[in-house]
Structure formats: structure tokens, C-alpha cells
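Here chain A shows up in two complexes: once beside chain B, once beside chain C.
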Partner chain A sequence: MAVLARADAAAIATRLEHAPPLPPATRLRGPEIGLVMARGRQGGDGAPFNLGEVTVTRCSVSLPDGRIGHAYVAGRDLRQAELAAVLDAALQDPAARPALLEAVIEPLAAAQAAEAAAVAARAAATRVQFFTMQTMR
Partner chain B sequence: MAYVAVKGGERAIDAAHAWLAETRRGDAAVPELSLAQIEQQMGLAVDRVMAEGACYDRGLAALAIKQARGDLIEAAFLLRAYRTTLPRFGASLPIDSGAMRIRRRISATYKDLPGGQVLGPTFDYTHRLLDFALAGDRPVSQEPGRESPRPASLAGSQPAPAPAGIAAGLPRVTGILAQEGLMAPEAPGEAEPPDLTREPLAFPAGRPLRLQALARGDEGFLLAMGYSTQRGYGNAHPFVGEIRMGEVAVEILPPELGFAVEIGEITVTECQMVNQFAGSKTEPPQFTRGYGLVFGHGERKAMAMSLVDRALRADELGEEATAPAQCQEFVLYHCDNVEATGFVEHLKLPHYVDFQSELEKVREMRATVLREAAE
Partner chain C sequence: MPTTDTPLGLTPGFADPVLGAQGCFRALLDAMAGPGRPQRIAGLALPPPPLSAASAAALLTLADADTPVWTDAGAVAEAWLRFHAGCPLVADPAEAVFLLVTGTPPRLATLAQGSEEEPHRSATLLVQVAGLQEGFGWHLTGPGIEHAHRLRVEGLQADFTTQWAANRAGFPRGVDVVLCAGEWLAALPRTTRIEEG
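This part shows the complex of A and B:
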């Protein structure tokens, strides 16, 4: 779910082209846009407080076999939420799960990890090492 | 009398709005701004509108900025108005800023803190000289460290030789002090926090409510209040324990699922302001925290918020509250720029009847005084 929440609809759709076709799904709820109140903690680790709201799109679908999928994704991408809900339902099917994981989830996760690593490397390039500390030791 | 004026104004208002739309667009020979351009190239304006609009959505904030012609308070107002049209799905689990994927993390209290000082994309150490290269269409280099020569204040340092990537979840500076027992622990608890968007402000306001108000408060107001504490209006001895900026996961617990799911990431800036505390009857001398947390990359705001948060803890810590920044009614009633702008700007709306009565009163008083003087 975390992987699908971070991938936009186009990225998910591209991966689905290389996956076995998804079963037809019926919309139970949504996709609809709403808000989630994001919370922080006072001092970073104390009691919670309300920081502000985040736009979120949610969708629930059912498959012909009765499986139900839910998705909540930050942002206002209706298509992303619906694809994520259908995938959530389809991934509950043990027969379909391995192929979907391999074709959709794993490549998306790999791309997100690569992007995160690139940002982390970029941040590391701005890390300061003080000469004075080295001589103090 | 007033109704006649409203009716006659309709055509004038339409014409004014048409002119506004044209002025917003500007010279048609200049290409129109796209929302993606605003989102990408006016990123800090987008961050500020999300923070003060109290709604995290980069696309909506960019649209609000475009519609408001770059008036960021007006844009925050538009965002606040829009959010009222959306249903609330629930609240997130508290974000874990300790697990942040760091883009920037600095401390003014420990030079060699674990994980190091990570400058990130900062204006600090730039020379504040207008860069005329940006005025042209020359592409901006993607290479790190291209822009400025070695900054003077970091002359005794060098970039890390082999960047291995910054690990997520760097330890907090406040945790380092807490290990020694020198940092007052935060009151734990999982109580449902009060929500300003549901219930109006009530006093005395607890810290969770104050932090929500400050997080959506006006940056300029908080900056001035924070500054006042540094200049002696309040008992502040602040150090930046840590500022960090980066991405944190947002998790919710939907009732239909019964377990937590991640709905995506948001960018936040956190500031831990460390303040000396001489102790009280019940507490030994130690450090206390002022805390700032804001949507997006908003360092000045996070710092100002943490100064004001600490000042507002005067009562709780048994300090004498003498300065404006220590007075919660003063700060919290006036920090919201949407509310403030509403009340200040309403003055330009018709007050013809009100003023007519004032006019008559002043004329009468004046006549009385002049008459008495003549007698």
C-alpha cells in the first residue's frame, strides 16, 4: 500500500501493462477526495497535536470473487486511488499475488528506493566535516 | 440607503473582476505561468501557503498562488476556503520526525552530532548578491556545489569525501541531552488533541492546541514575536538544538482495515529550540524545549514557532509572564493571518450607516464645546 500511495497513476498504469490483466472491479465507494488531519508530536516525541490537513483520495472496490480492496492515497489523483484499490483486492488472491508483486509492486518499490537513495546521496554531498573536530580528537 | 448602493455596484463589481482577471494574466505576449512551474520554481511560496492554509496539497497551493496573483495570504485564504468543501476522512497517526528522510539537518549546539551536519538546499552561506545568470535562460547546472565559492564561515571545513547517502532516522539532538537527564522530557500521552478547525479557540489553551495554532499561524507575526523574545521581551536563552527538513511518512488507521496504512509522504521542517531553565520548586535545573513543526520547507517559520512555543510555556514552567510573546491570548488570537486579514480588511466595506451616526455625534459634541467656549 505504501508503494502504491507514493506512485502516481501513470506509473502504476505503466507497470500494469506488463502484468496479467486485473479482474473487473465494481466501485463500492469513491474514488473520492477528502482530508486527513496530519498529526505531529509536541517536542517530536510527546503528546500528539494537530499539524494540518492533507488531501487524500480513497476508493473501495469489490472483485467478482467477492474480495474487497481499499485504498487511501495522499493527493487528489482519483485514478491512482482506484488502481490501488483494485490492486489491493487482487493482491489478496494467492494465485494472482506473485505475478502482480513481481510486475507492479516490486518495480515501483525499486524505482522509489532508487529515487530516495539519490536524494540521500545528494544530501550526503552537503554534509560538513569540521577540521577542528578532527584535530580536537 | 445601503441597499441602493449595493444594487448600483453590480456592474462596477463585474467590471472590476474582469479587470482583475486581465491584470492577473498580465501582458498576453508573456507566456502564462503553469501550475507545475509555480509548484516547482516557487516551491517555498507553495510551502508557505500550505502551512498557513493548513492544508498540504502542492497543486492546490500553486493554483491558489496563481489565482491570488502571488498574494500569499490571499492564497492561504483560498486554500482554507476550499478545504471546507472536503469531507474529513479521519486523523493520521502522529508522524515520526525521528524517522525522517533527511534533506537538511543542522545543529547549532553540537558540531559533531551523530549523522553530521547536512546543509541541504539552503540559502545560508549564499552571498545575497543578485545572480543575473538567473535573469537569462541559461540552464541551471545540476552539479552540487556549483553555485557559490567556499563560504567564509565554513572555510575550516570540507565536504564529506565519499557521500554514502544520509540514512533515514538520524537521532535527535534532544535525545542526546535527554540521555544525560539534562533535557526536560515531553509529557507523554495519547490523548485526542483538540482541533481548531472543529472547535473555536478557548483559554487557557493547552500546548497541543497552541502548537496547532502556531503551525498555521502567520510567519511574519511569529517571526516578530520570536524576535521580541530574543530582544528581551521574555526570558529566552535559545539555542538551535536541531533543525531538520525532509520527508516523513503519513499513516492512517482506517476502521475498515483495522491496521495502519501509509498514505504517502509529506515534507516538513522541524525545529527543536533548546532553552536553559533554572529550575523550579519541583524541577531541577535543566534544558527545556521550544518546538516548531511546519508543512514544507519553512525554516524561518519553524524557528519562530519554536521560540514562541517556548515563550508560551511560561505558565507551565512557573516563569513570570511579562512579555507579549508569553501571553497566549495575545499570541493565539492574533497569529492567524486569515482571521486577521478578515477583520482588518472588513474596514473597507461599506460602513455608511455606522459612520453617519458617528458624524452626527461628533458634530453635536463639537457644537456643544464651541457653544460653551463662546459663553
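This part shows the complex of A and C:
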């Protein structure tokens, strides 16, 4: 779900073109846009406080075999929430799971990991080694 | 269509949650304003068994996270209510704000009656009955009815009118009742007088 939550609708749809077809899904709720309150703790163990509201899109679908998929994604992309919910339901089917994982989830996860690594590499180039500077003096 | 015979077989709620709930709320207001006059509620295509379209839509409109609900409708309906309305389900009828009854209703006197200071803190009882027919049966009188209104209710237990008279005597405390049959519902606010006809 984390991979689907970070991927945009176009990326998921592109991957689905090469995947086995998804079963027809009935919308149970949504996709609809709402707000959730994000809470934080200072230092990880302080008193909880309300950090701010996050726009969230949610969707729940059911498949003909009775499996139900849910998705909550940040942002207001209705298509992404619905695709994520359908995939959540379809991935519960042990027969369909390996093919879907291979065709959709793993390529998306690899792309996201590569992007994160590229950002980390750019940031690492400007890293300041505070302890090294101290010992050089 | 999703399967509905398994506990997880959820069906959708209102096709348009905002307009569906607003339309149903309006119908409930009209029903309470004109006691015994059936109102039609459309908009809920697939109520979970054994709920009727009217009772399921009314509870979906009224119940939320702040209103404890008691129902005897079984696991499928409870899962549906929990998912779509997000209401807490209680085991004791006396603790519930809304009650949805498909079988024999609990005695009115055992439900939350409100207090003299806060009579609105009483329970609202939704009962599924076999049929509602205007023009026959009970003579209804009271606020909201100019002279008398006739309503026949099929499938309600025999001593309901006795319980109702006792409920009415406790005014301003007391329980309000909504009778649901198929896509129709009629309300009996606690001020309405029932005479067997």
C-alpha cells in the first residue's frame, strides 16, 4: 500500500497495461476527498499536538468474489485512490497476487527507490561533516 | 454485484452520499411533521438484508459516530452500518439513541426516555413492519393532524397501542417511533394519540 500511496495515477495505470486484467469492482464508498488531522510528538515522546490537516482521498471497493479493498492516499487524486483500492482487493487473491506484484508493485517500488537514491545522492554532495571540521582545526 | 451472504459482503450506501442523506432527512422531517403520513424514500438501491430500503436509508442519514445504535438485524447489517454510518453498536437497548428492529421491538418503557429538562435525549425506534396503508385502521390525532388520520400497520405486535398510550402519558419524556415498510416510512412522534379503529 505504501508503494501505491506514493505512486501517481498515471504511473499505476501505465504498469497495469502490462498486468493481467483486474476484476470488475463495485464502489462501496467514494472515491471522496476529506481531511485528516496529522498529530505529532515533540522529540518522539512528548505530549501529542495537532500538527495540521492533511488532504486525503479515500476509496473502498468490493470485487465479485466478496473481497474488499480500501485505500487512503494523500492528495486529491480520485483515480489513484480507486486504482489503489482495486489493487488492494485484487492482491488479496493468492492466485492473482504474484503476477500483480511482479507487473505493478515491484516496478513502482524500484522506480521510487531509484528516485529516493538520486535525491539522497544530490543531497550527499553538499553534506557538511561537522565532526571532521572540528578535528581538522 | 458483491455477494451478500457472507459477513464481509458489503453493499454500497447512497449513490450520492450528500444528496441521498439530505433527501432522506427531508422525508423524515415531513414524516415527523405529518404523523402517520407515509413518505417514500428512494436512493438506496441495495440495502443489506434483512433491512428495508427505508429503514436502512433512515439509519444511514441519522446515525453517526456520536449515536449508539442497537439492532437485531444480524451480522451483515451490523457490518454495513459500522462501515457506512460509523456508529457504535451497543448490546443494551436502553443505551441506544437509535434502535432498528426487524423482529419484535423491545418494550417502549425500557428504552431511553430523556429527562424532564432534556426530553430530546430519548431514543428513536425504527420498526420494520409488513405494510403501511392509509385510510384504514388506527385513528391518529394530535399535533400535526388537523382532524384525524387513518393508518393501518401490518405486522406490529398486538399490545403496541397499550405501550404507546403509556409512552404518551409520560410527555415530554418518551420514545418516538418510525415505522418502515419497503421504501415507505411513517412516523409516530410521542405526541400522537392512537385509537384502534
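We adopt the following convention: the second predicted complex is superposed on the first by the 125 of 137 C-alpha atoms of A that agree within 3 Å, B and C clash if a C-alpha of one lies under 4 Å from a C-alpha of the other, contacts with A are read in each partner's own complex, and residues count from 1 in each chain.
Convention: a contact is a pair of C-beta atoms (placed from the backbone, for glycine too) under 8 Å apart; a residue touches a chain by one contact, two chains touch by 3 or more.
Note that this is a predicted model, so its numbers are computed, not measured.
Following the overlay on chain A, a side-by-side fit with no clash is recorded for the pair chain B and chain C. By the touch criterion stated above, A:P48 is placed in contact with chain B alone, chain C being left untouched.
Residue contacts after overlaying the shared chain place A:G66 against chain C, while chain B stays out of touching range. Residue contacts after overlaying the shared chain place A:P94 against neither chain B nor chain C.
Once the two structures are superposed, chain B and chain C can be ranked by residues of chain A touched, with B on top. With the two structures brought together on chain A, the opening angle seen from the C-alpha centre of chain A toward chain B and chain C is 90°, to the nearest 10.
After overlaying the two complexes on the shared chain, residue contacts for A:R58 are found with chain B alone; chain C is out of touch. In the superposition on chain A, contact is made by A:T26 with chain C only, not with chain B. For the three-chain overlay built from the shared chain A, the minimum Cα spacing from chain B to chain C equals 7 Å. Within chain A, the residues touched by chain B in the first complex and by chain C in the second are 32, 60.
By the touch rule above, chain A contacts chain B in their complex via residues 1-2, 5-6, 32-56, 58, 60, 70, 72-76, 116-117, 119-133.
Those residues of chain B lying in contact with chain A across their complex are 50-51, 54-57, 59-60, 83, 86-95, 97-98, 101-104, 111-112, 116-121, 144-145, 154, 156-160, 163-168, 172, 174-175, 185-191, 193-197, 207-209, 211-212, 215-216, 246, 249-250, 252, 254, 256-257, 261-266, 268, 270, 272, 289, 291, 293, 295.
Against chain C, the residues of chain A that register as touching in their complex are 26-29, 32, 60, 62-68.
Considering their complex, residues 1-3, 6, 8-13, 17, 83-84 of chain C touch chain A.
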